[in-house]
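In what follows, chain A forms one complex with chain B and a second complex with chain C.
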Partner chain A sequence: MNARTAPSTSAPPSPPEPFGAQLRDVVVRYGSDDDAALDGATLTIRPGTITGLLGRNGAGKTTLAALLAAFRRPTSGTVRVGADGELEDPFENPWSTTHVQLVRESGDVWGDSKAKDTLDYYAALRPHWDADLAARLLDEFEISPRKHPDQMSRGKRSAFGAAIGLASRAPLTIFDEVYLGMDAPSRYAFYDALLADYAEHPRTIVLSSHLIDEVERLFEDVVVIDRGKVLLAEPAEDVRSRGVSLTGPAELVERFVDGREVLARQRLGGTAQVTLFGAFGTDERAAATGAGLEVGSVPVQDLFVHLTRRPGSDREEAR
Partner chain B sequence: MSTETHPRPSAERAAERAALAAAAHRRGVRAATEYAVGVTWYVGIWFWAIAIVVGATILVVMQRNGDVDVDAVNSVMDSARFFLFVLGIVVPLSMVALHVAAGGTRRSFTHGLWLSGVVVGVSYGLAVAAVGWFQWWLFTRNGWSATSAQHQLYADGSEVGLVLLVQSLLCATYFLAGVVIALGYYRAGFWGGTALVPVAVVPAALAEISLQSGWFGRALADWVGLAGAPVWAATLGGLAAFTLAALLVRAVLRNLALRPVEFAASVARG
Partner chain C sequence: MFDGPEPIYLQIAQMIRSQVLAGETAEEEQVMSTTELATTFRINPATAAKAFALLVDEGVLYKRRGLGMFVAPGARERLLASHRDSFFAEVLDPALGQADLLGIPTSAIVDHVLGRAHPDQPTTDTPR
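So, the complex of A and B:
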């Protein structure tokens, strides 16, 4: 198929200020008998931040993203999207939909026509579309605009979706598992491009990913969802301060563990590193440092695993 | 990480936003129309090429056998609406998710499809009328009978205006009827979509009865006692059929929840 729409050659207008979002008691059911995909979810996404949206498979991340982008309506509860002070229901609201971009895994693209046709359609609808950025990103990801997405590898197709998301310059841009199939160099090229463009054109980014170790450095806020419920939604620094990691001589480290909940433990010869859950007071921190231990924050991934662990069923899955 | 709702925007800001939202709507309508019409004609070129070759071949064979019948050639040209019915099923299915993902609304998509129905209907109607007129000219010039036994509203291709009117309404209605079937399945799944099929074909049947054209339109018009209705009544019936199809398109798109990517990909692949 062949698109007839052509991208505007004039400079795109300046995007409005970054969009935020609020969900209040949101429930989404896909069928009358189904479990809720979102079950009373309440959270706020701050405008102008990069928010990590974390959850296990089936936790409700994709459903949440679909609500923000007005792909569907909630069964109950309220969803509001917009600039600070102008939050509105995004569903069938052209002001919202034109300023929110959701890139789903493998993207919403025409698989059986040239990649350029898809880009032309996005360019025709997106008021802040940056065709030059799209071209640069396709070049960086080694994607020919003449190639059909159905003929691309999964990684290239994901990279194509990532390029669309960045080039849209939408005040709220959501990437839902967009990295799938991308090799490591492509993923890091995407992260770098995202950060560079975010710095140059501030907006709100929501990034859903399972590769938490890789992307947590980008997060300013973190939302963790499990079984349709929001477990936490707070700045990444607060998340990291929910625990502490101690590194040093094993015997010394064990002295500070002292009945605390251990999230992770590693040992190499006489050196140990433990990740502890729970607040670590200023005095304790000073004591640990004074004793020669290295005190660090908790990796988001360790905390995420701890919060979403299901002892019985996880063993079943592992089997 | 908590902010609460803030005061409503000023009147000036609200007006500015309304203007931007209206511009976004226009962009959505235009993009959907341009793509749907573009694809329909991109594929339609092949339909017309094949239809003309088949029509010419039939004509040559009949001429060699010494028995030239205008209805045999008309049948090929008259099938444009069925071709558009199929494209009405295929084209919007490949567009709906991408349109919303690109920031369009269901409303702008609906309006784009309505406009596409009009443009596609009139342009295909023009093509049918042009081919019909050429056929009439050829038949008249060679002394063959140029009058079709199938049509009631127009006797032959010389009635260009009437052919254009009838074929435009039929093509536009069939295109939108195809859209209703496709989006019915997208919206309601297999069983719900199948249940919607009889509803979706009502506008097409109404157009056939009103316009009394084609193979089964005349029979249906006879059956319901509408055969011989004047042109103005037939036109009103055709317009009512198109309007009904347009309303059904709006109904199936209203509040439509987008399916997961895998579903969209599977329907796009057919």
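So, the complex of A and C:
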């Protein structure tokens, strides 16, 4: 493992191996009486992927991010982070501390001194820091390195954190709802910068967001957590194929529902559209199309709403 | 873009096939890189790479080391042949099934086909 030998200060370090992560039966409790923030979470983050971390408020996303970045250790269970085949406990582990970058909404910046001071701090901390990329991103987000983050708008401060996260080029970078306060053009500039830099410099990115429609296509894998439990962790493509929508003559549509769970049902005269939970095989798809039905996909957002619905308290239609 | 029911990589592959079929992308012409595809359509680069892998398997694209992806020689002919093969099963049969459902008699369909003008009938690529 050549990456671990200390890089000389003059030559740029060789590209790092992307980090993966594994959680086994992880429980995190903040107080003895409280509900667990994570309650037996088991999941794998594959090295080199952009993984979406989806969950409602309080689902445990931020706790999970803090574990990966070694900001805290679990109450029980194991957390392992590292290059493929070299996973280690990240807690109080200098190796994983310098190679894992967590960007939280607060930005993790020195608020009362120039932005440049924060950049200098990360440049010294992160072995693969790219100062040119940082400068380009600050330019793109119209952030002056002379300004104090405390004096920036919430959106600008978030964008500053996003820029630090990308310029760190850490083998594992976690963006925990980094988009908050960023306007739509800034968010899309961030997604574009993320994709372009990730394609050139493959690494592992974990991105948590509520704006699922906006980001779902960025993901190779998706993790959905709810009330501290992992509901699913699988390729984004598999998530998308968990649902199907059918449109056509009502009586024909109903024939294809065939015992599946109906997420939504709309009817206009003789035409009905149903959204179904449950995969549709090639044969069923062909049969439905052949019968004259329109077969469509279900947005990940709709599946997420269904999976994390609280019986009795939320309405199915609520988004 | 790419809002269909199929996985996104299949929709990307179909887009590139259509461009080759229509002659918009010529043989030996370079196609977008995975990075360009990813940033243009805001999709995961692995999704774009999966579409390319499929098209390389099909002989539509080939990789030039260090340069990128190019349309393979003979790709258009191969696509025309395979699309002709599947035309009846995948395009015409569903349309005829729909006609049955709507109670449109075969004679009306035949009349429509025979009466249809052929303004853009190709002169070189005559169907077999």
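We take it that the second predicted complex is superposed on the first by the 271 of 319 C-alpha atoms of A that agree within 3 Å, B and C clash if a C-alpha of one lies under 4 Å from a C-alpha of the other, contacts with A are read in each partner's own complex, and residues count from 1 in each chain.
We take it that a residue touches a chain if its C-beta (ideal position, glycine included) is under 8 Å from a C-beta of that chain, and two chains touch if they have at least 3 such contacts.
Because the structure is a prediction, the values reported are computed rather than measured.
When both complexes are overlaid on chain A, the residue A:146 reaches neither chain B nor chain C. Using the contact criterion defined above for the overlaid structures, shared-chain residue A:118 touches chain B, although it does not reach chain C.
In the superposed pair of complexes, A:109 makes contact with chain B only, with no contact to chain C. Of the two partner chains placed by the overlay, only chain C lies in contact with A:200; chain B stays clear of it.
After superposition on the shared chain, chain A has more residues touched by B, the comparison being chain B against chain C. Within the complex formed with chain B, the chain A residues making contact are 1-5, 20, 22, 44, 46, 62, 66, 69-73, 80, 84-87, 91-95, 97-112, 118, 121-122, 124-127, 150, 168, 170, 221, 233-235. Chain A meets chain C in the complex at residues 49-50, 188, 191-192, 195-196, 198-200, 217-220, 236-237, 240-241, 244-245, 285, 289-292, 295-297.
Residues of chain C touching chain A in their complex: 2-9, 34-35, 38-39, 41-47, 93-94, 97-98, 101. Residues of chain B touching chain A in their complex: 1-3, 5-7, 9, 17, 20-25, 27-28, 30-31, 34-35, 37-39, 42-43, 94, 97-108, 255, 257-258, 260-261, 264-265, 268-269.
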